[in-house]
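Two complexes follow with subunit A in common, the first pairing it with subunit B and the second with subunit C.
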Partner chain A sequence: MINDLLIVVVIAQTLTAATPLLLAGCGELVAERGGVLNIGIEGLMLTGCIAAFAVTAITGNSWLGLLVAMGAAMVLGAGFALMAITARADQIVAGMALNLVAVGVSGTVWRALQSHGVTELPASAGFSRGWFGWSGWSSFNDLPVIGPLFFDLYGLSIATAGLLLLTWWVLRRTRIGIVIQAIGELPDAAAAAGESVHRWRWGVVLFAAACAGAAGAFLSIMRTHAFVPEMTGGKGFVVLALVMFGRWRISWLIAGCLLFGLADSVQQQLQSLPGSRALPYQFFQMLPYVVALVALAGLSRSAPGPAALGKPWPVSR
Partner chain B sequence: MIRFASITKTFSGVTALAGVSLTAATGTVHGVLGENGAGKSTLMRIAFGLERADHGAIEIGSSENRTSSGPRSPRDAARLGLGMVHQHFTLVPTATVTEACVLGASHGLGLVDHAAWQARIRATAAMLQWQIDPDARISSLGVGQQQRVEIIKALLSVGSVQGTASPFSARGVLILDEPTAVLTPQEVDELLPAVRRLAAAGTTVLFISHKLHEVERVCDAVTILRRGAVVHSGPVAGLSTQRMAELMVGTTVNLPSPARQPVTGAPALVITKLSERANAPAPRLTDVSFTVHQNEIVAIAGVDGNGQTALVRCVLGLDRADAVVTPGIPADQRLAGVERIGLIPDDRQHEALVMELSIERNLVLKDHHRPPFARYGWLDFAAWRAHAVDLVQRFSIRGAGPAATVASLSGGNQQKVVIARELHRQPKLIVAINPTRGLDVAASAEVLERLVSARDHGAAVLLVHHDLDELLSVADRVLVLFGGRMTDSGWPACDRAHIGRLMLGVA
Partner chain C sequence: MILKWAPMSEAIIAVGAATLALALVVGGLAIAGFSPWSVIAVGWAGIAGSPLRLAICAQEAIPLLMCGLAATLALRSGVLNIGLEGQYLLGAVAAVAVLTLGPVGSCLPWLALIAGGLAGALWCAVAVGLERGRGVPLVLSTILLNVIAIHVVGVCVQGPLHDPATAAPQSAMVPDGSRMPLLFAGTPLHVGFLVAVMLAVALWLMQRRTALGFELEVIGLNPLAARFAGIPVGRRELTAALGSGALAGIAGAMQVAGVTWFLSSDVRSYGYAGIAVALLGRLHPLGVIPAAFFFSGLDLGARQLERRLDIPHDLGDVTKGLALAAVLVAGALSRRLGSSRPGTP
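Moving on to the complex of A and B:
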């Protein structure tokens, strides 16, 4: 069967592995275009992981799990916005705080769940593959090549593709994109045009948080059906690097995320090769990070990025 | 038409405006003159809705637009038909002209109809007889072009909010806040007719300035403010620039006219056949040679962008140039060394001052690590304070004391901080680039007097300046840069027109 060919399997895995990066990256790209550097994206993803897992495990409703994951990440994101935007604290410090809080909270919640015997999702819960569970599509899953690459994906992967397109369009064709450009490059210009810089920056931060929360939910209740402490494993930081090396362009972000996903998929195949036991498995897990960062660092020319990135506004009060 | 009626505004007990009344008739250009701190900025901020007046009323267009204490916000001002072009542009460098106009002249979040906006921009530009490419990036435009974008944006903001098909509405009011401060003489010559065309189309223009001859050239009427009060209001015709200056500053201002003296000093800057490499961007400096001696001010005249930047970088040692010799100062020590050059750069807020630091710290910025400001690796803050108190007094820096941030000072006092720091150590060579840019008449005169006095005490001064009148009032010799080539005008044995022709390359 053609769908069992290694290449098809690898590409399908690539799309799945790239989804959380694309999702979180889309949000972070918008936030950075708007001048807010949130290095707490890792913590927001982790928050999404545990929130989605806990809610889905307890209620059995994976939709609710996804929504709560986004909501929990937005609450944490609001805390970041309060510090970094409203109180004009250093964005790096506020982002670090977010990461530390998320590790602590997710660990605590995880232990509380364990003590109540909740350690895995009920068999019926969690998202399965297919377009958001609509059975009509699953009949296409066996189509040669396009079945596994287009129909036999998680719904969120497909939604992510749509989100990327929509974001690209909004940034390029609407006044929202123009205002976001202004708050990221020259916030004074946005203020002079009667826009509230703070309100807009809150907006992009909450959008990024919701995206990161959904990315976390993807990791726990879709891809792995489990929660492991610190399961994001630095993917939030990879996202930061991909946005930066991708020169804040959506096309380059997609390329970077797909490359990371491909390397991830390849290392999974390598691990299943006979004789791979000779090397510690961590070696294989390291590969995608190395490949993506080396390739992007080599390929991309450095770009200055949004001029007001990381700078609180107004500059002096 | 715009009418201010008895506008009063106080800031924490200090009166900024004391019952200012002003009426600008429809279709006229009305000058608002005043020194820095006279209250003209505050008045305009009230008109534009950035500040609220304590008392008084503003009427824009017609009586139904009368508001008790001015518009509540810039958006409100636009609704009433008032647009403003600020002195400091608020254009996003990475945006296109169209995007800049969409940002500034419309609201909402929706889809942008690029074609319609481009048509509106072209129509407005055509009306002012300007060439504007709506797709050009702001960062690729010169200052003069950027200002045109700001003006078009302000006009569109008024038109679009009123929903009129034409970008202009007869009752529209446009405030131009010191529009010529950043322009070259050629750009000024292009702007002023456009301002007249605007008025002819029915727009009321408030022209804020402290350049008297520009007010004389472009305004129908003028209101002169001093210390928050109107000292004169009436037609420009029949009012001499000398009289305007007197009204503005209260006393007769004389630009310093130094006694010319023969050059006797030793050379302090010798440039011999300085040429940029063949592939340097135009204008390429070619065969530039001149000498600046102690006890003289050598001025470089020229339209901005004819090689001044490259020349200054070579003189300062920022770019390596063996053709430039500063006797006694090694090339790599020109800025950093003990014997360094006194530098008054063009952009004081970025290249000379750290705006968030105090006056005191800015004054020791270049010497804080040397005695008497530091001993054995320890900083001596008492010495810093004493130094600052001394310089604040000697250079009459007016502000909230040495501990206040430089950002809290007016432009003129910021420049005084730069001059105090650079001149108090009596450098042998002073390089000053547009040292009076953005300053009012009195502050400009003071800056020029400082340069003359430094010259009289033995300094060699290289003055690169965009204001020809000021330049001629202090220069001992005038060289002209055009297209990267240097010509000695022969000043003072030539007339102003000859220099003007050299600057334009038509001599």
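Moving on to the complex of A and C:
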């Protein structure tokens, strides 16, 4: 069967591994184009993980879980925006505070769930493969090649593809895109043109938070049906690296995420090789991060990024 | 000194932020039905209920203090070294290598500290090299190196440093003769505490009294002005980066030589916490000491609350995050009012 070929399996794994990175990366890219560097993406993803897991486990409704994950991340994102935009505090420190709070909150909720005996999703809850589990498509899943690589993907992977396309179009072709560009490159000019820099920056930060929350939900109620403390394992930080690797362009971001997803998929395959027992499994887990670092180093240095990235506005007192 | 500090207002900001965060969390617990007084009493008993508990609190503060000093040195000079987490881990790996593979002896822990410092500086040098040579921002490379460092620990404790006596991914125990000496008999507090406090004072004197400290300060405030003043900015920044990497590495080495006595794949790192401690200490080497005690006290108090009142200890992390957020906002506001030092985040 052609669908069992290694290359098909690896590509399918790559698409799945890249989905949370693409989703969170899409939001963070928009935020950074708008001049806000949020290193709290890791914490927002973790918030999405626990919120989606908790709501889905309690209510049994996966859609509600996904929505609450996005909402909870947006609440924390609003806290970040309050610090970094409204109070004009240092964005990197605000992001670190966000990460600390998110680790604490997710751990607190997880322990509270455990003490009430909620440790796993009900069997019927959580999204399964194949377009949000809509059974009308299930007969397409066995089609050669496009079955596993298109119809049998998680619904959020397909939605992410749509979101990326939409974001690309908005950034490239609409007034909204121009304003976001302006508040990230030259906020003074945007303000002079009558745009509210703070309001737009709040908008991009909340958008990024919603994306990160959904990416977290992908990890906890789609790809696995479980929550593990600190289960994001640095993926939020990788997203930051990938946005920079992608030079703040959607097309390059997609390339970077797929490369990282491929490295992740290849390392999973390597681990299952018979001779791989000779090496500790952490060696293989390390590989995608080394690839990311080497890829960053391989870039030419001419990628300055948005001019006002990471700078509070207005600059004067 | 030309550079005006306002230590009093800085201290007020930090203490106020810590108090506000504590009040918020205790208030939240009060809404959840826990009496604030019993929460405070139980938490305090967990921190200072006995001399032994106080000693444990000081012991827990050591790695936080060391990483806090590392972050202070880097951030004050404008070097965004987010990689303390990984540098700490590499320091711990190097120290365990020295302590378990080397001979047994009372000078061994000190050798381990040196090895740890070198390893931490080396891990930081990788990031600096990538920035200088390939234009990779320090923030990104250090973040990735942090993740890689965790896996390096995993590879080491299953490979070259693995204890053949067990199947678990962990190193052999450090022999009794090679451990850090204790400060007081009967408590777990080791002499690393004195070393850390002395390093804090040394760093403070370096910043206040030496040309190097002055130059680093100027670079942190305005690199362009520093360059015009003839300060070799690149070389000084390298010094600050490697110094902070070394301090973080020593922190990791101290922890394995004095507290855990072995290394396993789920080792805890204090790098990110150290950055938060430094910021709460308002990037003042002496302010970092109480900030480190605040964090270790939160950990101990929260664990006591979990044991006695069944309150999740993760609320300690929430308190830390809130304190950091509060100090950040207060700093930004007071800067706008003109009473705070401009360089402090």
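Definition applied: the second predicted complex is superposed on the first by the 311 of 317 C-alpha atoms of A that agree within 3 Å, B and C clash if a C-alpha of one lies under 4 Å from a C-alpha of the other, contacts with A are read in each partner's own complex, and residues count from 1 in each chain.
One rule holds in what follows: a contact is a pair of C-beta atoms (placed from the backbone, for glycine too) under 8 Å apart; a residue touches a chain by one contact, two chains touch by 3 or more.
Quick caveat, the model's predicted, so the values are computed rather than measured.
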Partner chain(s) touched by A:Ala193 [first = subunit B, second = subunit C, both, neither]: first
Which superposed partner A:Gln181 touches (first subunit B, second subunit C, both, neither): first
Partner chain(s) touched by A:Ala89 [first = subunit B, second = subunit C, both, neither]: second
Touching partner for A:Lys311 - first (subunit B), second (subunit C), both, neither: neither
Superposition-derived comparison: subunit B or subunit C, residues of subunit A touched: C
First (subunit B), second (subunit C), both or neither touched by A:Arg173: first
First, second, both or neither for A:Arg249, with subunit B first and subunit C second: neither
Intersection of subunit A interface sets (partners subunit B, subunit C): none
In the complex, subunit B residues that touch subunit A: 73-75, 78, 86, 90-95, 99-100, 102-104, 106-112, 355-356, 405, 407
Sites on subunit C touched by subunit A in the complex: 80, 82, 130, 133-137, 139-141, 143-148, 150-155, 158-159, 169, 265, 272, 275-276, 279, 310, 312, 314-322, 324-325, 328-329, 331-333, 335-336, 338, 345
Subunit A residues within the subunit C interface of the complex: 39, 79, 82-83, 87-90, 92-94, 96-108, 110-112, 115, 233-234, 237-238, 240-241, 244, 279-283, 285-286, 289-290, 292-293, 296-301, 303, 312, 317
Touching residues on subunit A, where the partner in the complex is subunit B: 173-176, 178-179, 181-182, 185-186, 188-195, 307, 316
